[in-house]
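Several structures are given next for inspection.
Below are two complexes that have subunit A in common, paired first with subunit B and then with subunit C.
Up next, the complex of A and B:
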């Protein structure tokens, strides 16, 4: 059955003179590669064209003979079985018919395939097709060069000598770089032509010797994640090099890649630390890299643990050098300030900051105290800053008992420090009386100083007017003052007053916690 | 959702259970999480897939009273059990995800000093993964749960856990090849250590397998801060998530205390210098929710403008934060209420406004809960929202949800099955005594 004709060919059909085999049709200029190939085919097979379009019967007897002769010559190897005479007759007839003996293969509809956008490549213009072909041959060329590279690398590995020059093969950095470039170019071309993505590690000659260990993920696993392909690939390589504990620069770079995609990976950080130690990477370089990562992943916890390990590693070498310690402290302080500007309450950063104070002995550092004070004055409600202040004041080994609990009296803290903290806090409370942070701090200071809560009675009372004297008279500027007053009155044995504070909190000033204030009232009785 | 909020405002404010929890919506959300791949932005959770898995399985478990057919089929159960057990490290503990589980050839090496095989990649076994693996096995239990711990290497895991404890009583996250304990001094690890010890019966049988309980209690004790809260570890900022972990760890120590009848809550009392101060800290975390202002102020600042009750009505909605002067967040409804429940003071929470905050503000149209109002839901906050609702309902239970055990953060039913599983596992251990 004749195949469906394609392209311009079928359009020209009606105009064709019947039986006119050898008449040259001026070919319409092909618009697509498909048309072009069909035109070529038909021009080499003029009789076939008539047979396909109009049937065998439409041929003149001479053409019919030519057609059958051609079929015999082109499609069978039976010519040699003919008698010599018949063969001579055959060639004579063909020669007289003056038709091309060799026919281009008949084009197939699916022979071009589709490109990555789903477009039939047969529909490409000739120019487009030329570019496409060029890219394909570029891939073959690169592929061949890549094969040579691999062969030479194997030779270099086995220290094989070049048969002509007698020199041992070597692979230079430049060779590797060129190969990487080749593979990247091939990958780009393949992605362009066929839409196949290839992964960075496969394209990197430096990783050729590593067999990745891909994740085994059975059907029906829980919490499976649709990983980006490059993550899955990189993890396969990471697992392979971690499994054999390889500590080389390429692994350091691989950890950077993984950390960028999944900073919460709990073993890649340990692995990175081991590589750093093995390669003697200068701490300053690592810190510089880490700073960038920290700013990018503000909420990550492993980053700060890693930083701590770095300091632990670095510190012994500096211990005796005061200037070096001071310089390190200044650098760290600068970075912490920068990151806390982005997220003033970042738990991990504050945790690290405490570690650093302990490690480098920054208890009396002017930088440290001043910057916390600055943070509180910028935002008096920054509880993280208040918490750090408490740590600096009551953790300072010069003026406190080691391991004294946060909630217990520490007789070693000098009275003037307690005084200073009380007045500082009171000043801050006055700025925002309903801010609980300094109220809690105030209680904490009094406990540390072993002072009764009654010592701030007047101060607390100053936030309350006419308690229990009627809705129109009663004024409360701070529920926390009222809360503290309840304890102050309880301490002083003025139970009724204490009860009134708690009752008014539940009834009027802090309704959300009414059950709690009732609970406190019950505790008064105990 | 605004329309619902307004409607509720005009309707009866007092009704604690208004609005009801639309469990069907949550079932749909969790089934999606269960049956299909999590989107690629979960990649940074790749190392804690057991944790995500726990949230998914336990959420379906909590929602099971609302479904006529099992949400996790028997076939799922055996398949998932096998998957979890494959994450068990041959030398104790579990790995957080298949990416952390290496082929067997890379997991053991011969140690010439002890003449035994030891872990070659000890760092892949992780304390959190181990705790969540055990809880997942509990949730996946079949029948009365007796056999849910079959396949868990009790002795190796307890031995490994013991090695993760530091001298100061705290726990690390992983062991390194050179025997170092790695990880921060993080209260979450203390809680997980207590879970593992309880599930595997560290207190029972051979005492040499148990870690130093008193040291752990001492460590937790040092973490109470000047404001009554609890920090990640001593002197850090108080934080209700860590407070929950501290209290729950102590509660689990109490749960396997052989003299618990003589001294109930012995460890809770030993590990918290001032319980009233902690209660004060926890209840202070609840506050009236305000819709974001239009005047361009930072949200936190916006809250500070209206800090005192304006009148003597109870606020319609009240969320919780985890630290002072931070914004409300779904998960802290759970962390705060969970800690208070374990201290026996859950009635101090104002449940109606707390429910309403998460149901009307952070619950998502497609199910699940977000961290903050109007955000996208995520597996973690979606679970914490359900945990909060189930926990705040106490013994009566939240309609549509299973009753809740705040110590293990699972349904009471699962906790009961885990007790069975422990008994079955420990029978030979105790008989040997």
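Up next, the complex of A and C:
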């Protein structure tokens, strides 16, 4: 950064006493706009330069008189107190001295200000400064045009006639577009020159009629969030349009913007849904947008509720059209598969999936069953997939009692289905016997089928060797088998064997749950 | 029996049972995504549980002390102005109030100093049509309303209680009620398992249809084939919903009466118990999911209710040694080890977390500390005479004393109301206030 105060500093005299720069010496070419302005000033005020550099006494008597006269004229209003004669004499002397009476004011070093990067504008090169000035004047020019636009729009609103042409003022879409362009250009220039961030809504003439409602935060509010400017601005406009229940395309775009900034904002989702209904937005468009948002925000919850509301809205129109339902189901299925690949146990996604099965009646859909089987085969420990399978098999109205509880026998479920589920589960257990998901599933299936746990006794026993026959001999490949065996033996009245299972679980095989296994042992006695 | 400083016995290896340092004795060889992440977490926890983590001082049981001062600073900071990145919490600010205030009380801080500020903030968030939204100008939501009412109860005092427009709130709650017994979370919003509702509604009479009609039955339909409880009938059993469901039932009637009436207790207890893993010692939220500090509360907080329900009502004066004859159903030691070894952010930042290497936050700090509180205390149902709106039963929460207590006694946090999860006694205060004002 070049040194400042190239001229004008009276201390320069003491610092560089030998450099007796005379006013006549041709000035070096100015490197910065500050230097340039100083040079201009000194060339217009040679006597001042001598005074500042060498003191008043170094002037010739004539120059001294001129200097004092100039000071009197320029800096004071005392001339009028002089007698007429003295005034005449003063002007005569000044005229003879041939100096400008009203020169540019003496430059100040703090007159330039700083740009957005904190750089002193006085340090700009002449070229830089020219560009800077050009941008500033462009802003003024745009601002003026913008003022005309607003005036004409106001006239159009009141249907005022143009005095010369006699025609009513109108504002066309092109005018609005041009105005939007102007404001964007101004915002860009202001941001470039002053680092002022642009506010998209203030810059958009389409929003001029809306007075944003700022967030009112009481003094000392706790856990107040210092919002970024873009979020705070958008929210201000949201509150304003929600307050008057405006349901227009611009509001739809506003909700999109806010959801992008904060998808957890439930109020904006509900408002968006109202707008969609009011505008009759095609569901397909909304779903397409929603899919993108969903993939970006996997853990978000509101997205799935919104999707559900869309289906509820859409469904009555489709109800009688089997092909349309099938097409919708296929689309949804494709998307759900994609998203569950990224996040296999996402609670909200599975919740939506169940809603969809109920809504569209996909109980017997081959897609549905096959994809769950595929997920289980990819990760046999995915409990969400097991849960969904249970839901599909035992919630299917064709083969189950409506509203049958999960934990109760349902006589309507055909025996072959119970058989199928038992053998499917056993096959999956054998892949990884210490995986609790299929064991829980197996118990669930037996309850639904009204079958005793004893019906899988041999299967469960196959995972245990020499229980209670010594630390070395005893082998347990599944604590869940042991757990189930305790219930199987209890059911069969073989209390001692049941007790042994529970005791060994607590002592050796599942010690973290020792208190629970002890509790189960006490329950055997009841 | 607590050992506060390892420096007293510098040459002793910490007493950490191999249960918390070794692999589980039964393990499948099949590798899937689930087993990969499970193994990674178990191994990172083992390093912390062994008590040999560099720079972390532990007692003779290999357990670090509770960084009380750091955690207090962390929570207090979360109640001050938050940076712009917190915009994601813009729709759930009342939860931040609740998490921080409740966590601070658990750590022994008097939060009445926040009363005036909370009152002013709450007023700006309350809607004329009843209830509280997530922030100024947001639609009322059941979850944020719940968090706000709890926060007001925690700071306590008439000025805080008076904020709630009960008439408007009651009307609003009625509009959320669904014919199937559930509630919508907000108008136009999703149906969910009902959150705990205060029982002080004047509409409560057993004969009429009211806000409570069908609730218990809805909860019954949410119990899954696994024994746990889900958000909606048919969904997957999940720890957070287990606690909400038990809390809901416990509001409707005393746990020892209502739990067995609506739930298969054996399967529920089996499922809850399965949530505790070794070597981690901590709790998970679903079958085959990872441990997470927050389930120290969602699942851990079920145990006081379950244990109280199994034990049944007690006459207050008969308890001389509250720890004797306690039917523990889970490993308090395992949970406490997980919380103190793995759940604390050990840097200057403070706060509690999901698991090692995860950042701390107000949510986890509140619920991990709550889990610690429930593991350090014993809850009993006391028979008591009905007092206006107050139910004819209440709870007593006493210190759980153990012969081999692995944590330092000064690390015992405050007792918690087992149903509302606010400091013990605060429920009685707010209910007494409103029961002396029957109309609204």
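The rule we apply is simple: the second predicted complex is superposed on the first by the 468 of 526 C-alpha atoms of A that agree within 3 Å, B and C clash if a C-alpha of one lies under 4 Å from a C-alpha of the other, contacts with A are read in each partner's own complex, and residues count from 1 in each chain.
Note that contacts are C-beta pairs under 8 Å (C-beta built on N, C-alpha and C of every residue); 3 or more make two chains touch, one makes a residue touch a chain.
Quick caveat: nothing in here was measured; it's all calculated off a predicted structure.
Taken together through their common subunit A, the two structures put subunit B and subunit C in a clash. Touch criterion not met for A:169: it reaches neither subunit B nor subunit C.
With both structures placed on the common chain, the touch criterion links A:378 to subunit C but leaves subunit B unconnected. Once chain A of one complex is fitted onto chain A of the other, the partner contacts of A:91 are absent, as it touches neither subunit B nor subunit C. Of the two partner chains, both subunit B and subunit C are touched by A:516. Contacts of A:507 after superposition on the shared chain: subunit B is touched, whereas subunit C is not.
Within the superposed three-chain model, A:132 lies out of touch with both subunit B and subunit C [touch as defined at top]. Shared contact residues of subunit A with subunit B and subunit C: 213, 215-228, 231, 235, 239, 242, 261-262, 264-267, 270, 305, 345, 347, 350-351, 354, 381-384, 387-388, 390-391, 394-395, 403, 405-407, 432, 434-437, 440-441, 443-444, 447-448, 476-479, 508-516, 519, 523.
Listed in rising order, the residues of subunit B touching subunit A in the complex are 33-34, 37-40, 42-50, 52-53, 56-57, 76, 79-80, 83-84, 96, 98-103, 106, 121, 123-124, 126, 136, 173-174, 176-177, 182-184, 221-222, 224-228, 231-232, 234-239, 273-274, 276-277, 279-280, 283-284, 286-288, 300, 304, 307-309, 312-315, 318, 323-326, 345, 347-350, 353, 379. Subunit C makes touch with subunit A in their complex at residues 19, 25-28, 30, 32-35, 78-84, 86-93, 96-97, 100, 114, 116-118, 120-121, 123-124, 133-139, 141, 186-190, 220-221, 223-227, 231-238, 264, 266-267, 269-271, 273-274, 276-278, 281, 286-289, 327-331, 334. Looking at the complex, you find that subunit A touches subunit C at residues 213, 215-228, 231, 235, 239, 242, 261-262, 264-267, 270, 273-274, 305, 308-309, 344-345, 347, 350-351, 354, 378-384, 387-388, 390-391, 394-395, 403, 405-407, 431-437, 440-441, 443-444, 447-448, 476-479, 483, 508-516, 519, 522-523. Those residues of subunit A that touch subunit B in the shared complex are 213, 215-228, 231, 235, 239, 242-245, 261-267, 270, 301, 305, 345, 347, 350-351, 354, 381-384, 387-388, 390-391, 394-395, 403, 405-408, 432, 434-437, 440-441, 443-444, 447-448, 476-479, 507-516, 519, 523.
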